[in-house]
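Next come two complexes, and both contain subunit A; in the first it sits with subunit B, in the second with subunit C.
The block that comes next holds the complex of A and B.
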């Protein structure tokens, strides 16, 4: 194969792998927005907390890695439920702009708290996963794992939402909140469970990202905005839309970065986003 | 089975019900008739506890409902088919029925009751995978009634089942109501379509501006001079 084609194929595959983790990031945000109608602006900061949890449990307290991962997921899931109970619930009936401001406030709170508690140093697990070689191509094993786990988490979530009673209630409540009590469903409980699930997805994302990136209090800024843009591109609250948009975005970043420069990949992705917003402001699969 | 004593209720400073008392006995089908804005829907919303009464007592099988949260009413055996059907439009027919069987006790009997609903409404079986929002008005009403039956209720509350439906479909829906009371369901139905509903229920209450104005069995009310003039146009 021509060396140029090999690199292009490598870029496309890397884009695919990146798409998997971006899709997982978008899923949590979309789930929460689709059900509760509130955007967690602080979503990426919850992931940051999860990354610190893995680091401290594994590197400082020497828990086995799998246990640190499981605990981090549980911690962020609890954090999601707490976020809903303490912050979102009191403003459920408020104007959307106030809800945005409140979760935006949580973003800065978490960032500042992390700086205070953990310091501004960059930290990492000290685990270096190898590059895998396929012929003349190199793919990162950490990305491959992230892709596989993200895909598995998304499939599990979709089966849960389709098959189980709780999952059906989660889909139903976004369509008609008021009559849920007539089905014997306590809407508050569904909101709490959904928030915990959104948190758990953020926790899974934290475990995957901590294998690839250094941890610092502002790490959320490197994937928070892009996650939000992907959700809007796909149609805010539309999980399938977010899934598709994640892979489109990832290809722009990866292939665009291959032809020009890494930063240009992001520029192209954002240009594409702006163009779509002119053409279809509600997002690719957005209905409203 | 269901007893309301002196129930008053409203929304904020607006009072919709003034000391309403009524009773539904096991096996009976009872209608509450009255003009638009009389408080009929509010009455059902109070029984389901979607709004709380400001005063008065509600009892189901002798146990007070007054302080029970809305999501526990269905576990006392009361299922409601709400006004305008209120299906989940982007869930399939079968998922809507599944939501009706959300209670743990109902989940165990899901397959059995699904079969029962599909026998009652064969059309729902044909359309089980279709999104509820794409059904015709009459089919949506059947799906909404089916959803309420999935909980295995002792008492079925129906809020204006004929609203917005074509006359021939209205006939079919009332036929369903008649069949259900013949099968032993206890039914409390709220309707503006007085002539039709009085043909299928045993008794009725006349509700006007939030107060019970009169009551009696269907034959009596059908021959009542005032009701004939005001509601039957005779």
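The block that comes next holds the complex of A and C.
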């Protein structure tokens, strides 16, 4: 095999692994949007809080890693519920754009508060997972784990939504927000549970990302925008669409970055997004 | 009254103002310019998260032209404006044609501002990447250069930016007085109804968007020439785009001086907190700012000036009724 193709294949495979984690990021945001009809602009900042939680619990307080992970997920889940209760609920009846903007305010707040409390230094867990070698290709172990966990989390989520009573209620309310209260479902409770679930998914993403990236207060900006775009590309609230869109985006970034520079991969992905928006404003899986 | 206030503002630097307060005043007017530009379209229901793109184009096209091709900003500025208008058209036309509104419009424009930032970073050999770039100085042995649009005197900048700020307010007024504005208000309320009575929705929206983009681009040019330093994160990308939106919200986007009040408020808050607490609490100003934004949007969605004039109006009504 030509050596060129090996590297290209490596880029494609890395893109696939990146797609897994992007799909997980998109899942939480889509869940919240599908049910509550609000985009959490501060979603990536919630992940940042989760990453700091893991770092402090594990590296500063020396908790075992699994306990730090579990606690971080719980913390971000509580954060999601708090975000809904304190910030989203008061503006639920306001103009939709206000709901978008209010979470943008939370983005500023969380980012600045993290700077204030944690400082601007880059931190990392100090855990370096090995690179796996397949023939001439190298794949990151951390990415492989992230891919596997992301996939498992997504399957667990879909089983939960399909099989449990609460999941059924969540799906029902996302289909018809007006009728469900008449059927005896308490929307406030469902909204709160959904927000906590969305937060928990952000927490899982935080645990996976903390294995690969350094933590700093502005890290949210490096994957926040891309998460929104994936969700919009897949059709906001459409979980399957978001899943597919994540893998498309990841390929643009990985393969585009392989041929050009990594930023050009992002530029291509974003331009692709804008082009698709004009062609299919409801997202790739959206109907008419 | 209005003119007296304006005369006072124009005379302020001559009354022996220090260099630092003057710098703050200039920055305040500059951001007021940019925020006003954003509101020209934002208040009509087109909430853009992508105005960083236009500001970035203004700042970088002019600086790059000067640094690499020796192009005077007098030539660079029209090029930047043309480019900003073209980008606004390219993004606006399909958006309005296919009725991409609300969340979707905000997120599409967000992608645009990120594309601009990433292109600036990716062209790091020319633009200096995320480290930013300074325009080559023309002030080595002179105190000003008209050709390079560089002035060492802050006083010159004060009057230049004051003029642009007044120009922005004048454009806002002209838009208000034109027939188009009534139509645009109708569009922002009920797009389909507006279309059904023969309003050309796409054309009007596009016009306002291009106008707003041109004004923002000009703001970018002024910013680069005044600060003599540009950085992709301070003139483009999601951060600055959100800053514009929130500055406007804090002040109030439906009143003409709202964006200006927003700019003054944001700047004074940041400087005030810094003077108060000193520099050791890095991020404190933005923490308070973010918290206030959230409270504003929940409890005072019309902004400071909007709420104040609303309260005044109510009082007047009560008095008239009694």
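The rule we apply is simple: the second predicted complex is superposed on the first by the 285 of 288 C-alpha atoms of A that agree within 3 Å, B and C clash if a C-alpha of one lies under 4 Å from a C-alpha of the other, contacts with A are read in each partner's own complex, and residues count from 1 in each chain.
Quick note on the criterion: a contact is a pair of C-beta atoms (placed from the backbone, for glycine too) under 8 Å apart; a residue touches a chain by one contact, two chains touch by 3 or more.
Model, not experiment: these values are computed from the prediction.
In the superposed pair of complexes, A:108 makes contact with subunit C only, with no contact to subunit B. With both structures placed on the common chain, the touch criterion links A:225 to subunit C but leaves subunit B unconnected. By the touch criterion defined above, A:214 lies against neither subunit B nor subunit C after alignment on the C-alpha atoms of chain A. The partner of subunit A that touches more of its residues, comparing subunit B with subunit C, is C.
Of the two partner chains, subunit C is the only one that A:39 touches; subunit B does not reach it. In the superposition on chain A, A:91 makes contact with subunit C only, while subunit B stays out of contact range. Against subunit A, in their complex, subunit B makes its touches with residues 48-50, 69-75, 79-80, 82, 86, 88-91, 95, 98-103, 106-107, 147, 151. By the touch criterion given at the top, residues 47, 91, 94-95, 98-100, 102-104, 106-108, 110-112, 114-115, 118-119, 121-122, 237-239, 242, 245-246, 249, 281-287, 289-291, 293-294, 296-298, 301 of subunit C touch subunit A in their complex.
Note for the complex: subunit A touches subunit C at residues 39, 87, 90-91, 94-98, 100-102, 104-116, 119-120, 217, 221, 224-225, 228-229, 232, 236, 261, 263-264, 266-267, 270-271, 273-274, 277-278, 281.
Interface residues of subunit A, counted against subunit B in their complex, comprise 165, 168-169, 171-172, 175-176, 178-187.
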